[in-house]
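Heads up, the thing below is written out as structure tokens.
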Amino acid sequence: MPNSLDEARYMLALANRMVAYEGVLDGFGHISMRHPGDPSRYLLARSRSPELIEPSDILKFTLDSKLLTPGDLLPYGECVIHGEIYKARPDVNAVCHHHSAAILPFCITGVDLQPMFGLGAVMGGTVPFWDSRDEFGDTPMVLTTPEHGASLARALGPHWMVLMRRHGATVVGREIKETVFRSIHTHRNAELQLRSASLGQISPLSKGEAEMAGSYSLRERPMGRAWEYWTTRLSKAGELPPRP
Amino acid sequence: MPNSLDEARYMLALANRMVAYEGVLDGFGHISMRHPGDPSRYLLARSRSPELIEPSDILKFTLDSKLLTPGDLLPYGECVIHGEIYKARPDVNAVCHHHSAAILPFCITGVDLQPMFGLGAVMGGTVPFWDSRDEFGDTPMVLTTPEHGASLARALGPHWMVLMRRHGATVVGREIKETVFRSIHTHRNAELQLRSASLGQISPLSKGEAEMAGSYSLRERPMGRAWEYWTTRLSKAGELPPRP
Amino acid sequence: MPNSLDEARYMLALANRMVAYEGVLDGFGHISMRHPGDPSRYLLARSRSPELIEPSDILKFTLDSKLLTPGDLLPYGECVIHGEIYKARPDVNAVCHHHSAAILPFCITGVDLQPMFGLGAVMGGTVPFWDSRDEFGDTPMVLTTPEHGASLARALGPHWMVLMRRHGATVVGREIKETVFRSIHTHRNAELQLRSASLGQISPLSKGEAEMAGSYSLRERPMGRAWEYWTTRLSKAGELPPRP
Amino acid sequence: MPNSLDEARYMLALANRMVAYEGVLDGFGHISMRHPGDPSRYLLARSRSPELIEPSDILKFTLDSKLLTPGDLLPYGECVIHGEIYKARPDVNAVCHHHSAAILPFCITGVDLQPMFGLGAVMGGTVPFWDSRDEFGDTPMVLTTPEHGASLARALGPHWMVLMRRHGATVVGREIKETVFRSIHTHRNAELQLRSASLGQISPLSKGEAEMAGSYSLRERPMGRAWEYWTTRLSKAGELPPRP
């Protein structure tokens, strides 16, 4: 299915640029998706900053993060994050790993991320923490072995987002648009929580509100509206990826 | 009066883009106006992000939020906010609903918004809170029924702005320029209050100052100057809506 | 001296745009200069947002703020701020009145502005407060009579900047480049003081350091470097005023 | 070696613009590099704002900061910072002096800068403070004599960054790309530390993590990826320096 794979490569380049343009990714961080025609493979760009990625930068990996694409393009050192999560979570088809300036204060202080408003509820009912020190002691703060990735996948469990102490976040979704939507709106929720905590006592959504608002926000209409919005913003800035 | 309706559509598209460009609206939120030739109708865009709206996106509704425009363009799920306020407030001719990053910390903490400077006084003497939980218990944090809209309109009462707990704000005015002016300057006032509260003890305008400053700011000259300013900024950014 | 007046008009339009582009002025606020050929007159734009001002918008006033330029261009309501300061301070040749988001938290809380770094020392040794309530009770928070302006000028005294409670700031200088330099760097100093105060105990420049650093910063070389920098930024953004 | 010197001039102009574009340098501050063909000389721009620098602005100095380039281009008053550090640290080949809005709150409060995440660990194990008042009493807060520069170099010692009380920071590296990388990522680390401290109790990298993460981040691949990213951002903004 070459057409479908071409489209997947374009979508993935687009998603990388979109999440970078909205301020979640910067020079580092990455988004992957499961191969549309083969669930035992995933697609992830070569080691390059997200806002520069082109469809021709997209590489193919096994779920053990063995690079299958021939040539000399170098993969990200942290590709195991993606492979191990796809292995552990058959329902997940797109993964974003980032170090946003809104999320990192939670990773640095250990303060729980909570849903502040309807769109923020897409974080899911629980956002667990993972600390590389618990299993691996001192590390260079990068996940480079399958064991690292598997440990993170265990911490993620059945949830949609995991905060990594002194490191960043990993966000997953059933498909690429959902992962983009969740990455951007949880980033915005974190910014709101940070600002609100400096003003007074925060009052998050109730558990019932969070469940209902999370489901409501992930319907086709709000996700489609946001996708059109972010694509148009990229387009107006002249930042759409080149067509293959 | 087709010319007048055409002009209303253009003004409404312009107002949406203006309030988005100035940072109050983002991918979500919306502004409506009462139909210029028929006070029992209102105009509101189809479900689309504010900064993308074109005159041809503008739909017509009854005050019961029944869509009158033929075709298959989908309305916002929350159009009842607009209809129920127009029903309850004959003096109101434009409504903005938003979730700005400056206003939300007040909605999240319950801290009262107060006038910090002259332009901020356009919020009016009282800014009430509305909490969907009081009447409706757990909801997906969206107002989708006439009952939701009517409850919000009761909380708004005779005032010019209502804060919605864990949700956002709804701002009204006698005409579209006033609603835009109030939406942008109360957003800016909120940002100032948040920043000031982190520095020391805030000292808001007195009641007398707020009344006088509010009236002064809503005169033709400052509103006209601001309208020219915001229009020119949109124009320089290439973001004016297309002419119908 | 028509050439010199033309040049003054251009410089003043440029200064307005520069201070707006650097984030000190927004839709409101204004900069004036004393007439280069007649110290009993001053130049100030018609009522228009600073980043839009063109040389042809510049009007001429007596020091009693009587408009001398024929035609129907409307002056700012607050032109008396400028006239009364020129009257009281023969050494002052340019005045900027603004409501910047960095300075306003000091006007709202009454916290003293202090020099945080060398360039911030251009605020001068003392930055007095003025409160319109002291002499005038409740007002609409605008200075519209000569008495208002004269009261502010008395509060300014021999200093270079005065903070106006719940209102903004007025900054003066011996010439237009100095007023621009002082307006932008005191704005930046305020932002740094606000951020620092949220981190720990601030430690401002000593009195001796502030005096020496203030003088050093106002020499030709740093002021010229900054002027080239701000002009080039305006130029790259396509925001230079049109030549008359 | 004229070609190599031309290339060095271009690289240095590029580095100045890059660090300015990423928000670390503004109208003031500067980056130098050791002369590629003669370790007893260094290269530094004439007194001009960093984002405007062109290859033809680059001047040559002895390590005693004696200007060798003929002509009438004026050097920065603070060139001694560079010369004295090159003299004291043969391993250092590029120096950046700046006053970023993220770093200054630490210089103003005396709060220690600590590594918040992997990339921030490039600050090195210790970031010492230097206070001009200790040796020189009240000064205009600029380093203009060789004694000032030598004092700062002693405070820097064997480290990679020194915070200057009420002034700014000086960052060094083995080569220009390392100095740029360290300047930008320590700036970002400072911003994260400031934001995190307002949210809760910060938990920095352990000593072992910091050492490992610092080394990991300074390898060719992450530094190359960042260099491509920052260069492309400059290029898209039309801000690359002119080729000589």
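Every chain is named by a letter (A, B, C and D) in the order it is written, and numbering of its residues begins at 1.
Quick note on the criterion: contacts are C-beta pairs under 8 Å (C-beta built on N, C-alpha and C of every residue); 3 or more make two chains touch, one makes a residue touch a chain.
No experiment lies behind these values; they were computed from the predicted model shown.
**Q** Once the contact rule is applied, which chains count as partners of both subunit A and subunit D?
**A** none
**Q** Report the chain whose mean Cα position is at the greatest distance from that of subunit D.
**A** B
**Q** To the nearest 5 degrees, please report the angle of the rotation taking subunit C's Cα atoms onto subunit D.
**A** Superposing the C-alpha atoms of subunit C on subunit D needs a rotation of 90 degrees.
**Q** Same residues or different residues where subunit A meets subunit B? The copies count as same if more than half of the interface numbers are shared.
**A** different
**Q** Can you work out the whole-Å distance between the CA centroids of subunit A and subunit B?
**A** Chain centres of subunit A and subunit B, defined by C-alpha means, are spaced 33 Å apart.
**Q** Once you find the CA centre of subunit A and the CA centre of subunit C, what distance in Å lies between them?
**A** One centre to the other, that is 46 Å.
**Q** Where does subunit B touch two or more other chains at once, residue-wise?
**A** 198
**Q** Among line, ring, star, complete and other, which one matches the pattern of chain touches?
**A** It is a ring, because the chains touch in a row that closes back on itself.
**Q** Which two-chain combinations qualify as touching?
**A** Between chains, contact exists in these pairs: A-B, A-D, B-C, C-D.
**Q** What residues on subunit A touch subunit D, complex-wise?
**A** Subunit A reaches subunit D through residues 27-28, 47-49, 51-52, 74, 77, 99, 101, 104-111, 133, 137-142, 165-168, 194, 197-198, 238.
**Q** In their shared complex, at which residues does subunit D touch subunit A?
**A** Touch list, subunit D to subunit A: 116-119, 121, 188, 191-193, 195-196, 198-206, 208-209, 212-213, 215-217, 221-222, 225-226, 228-230, 232-233, 236.
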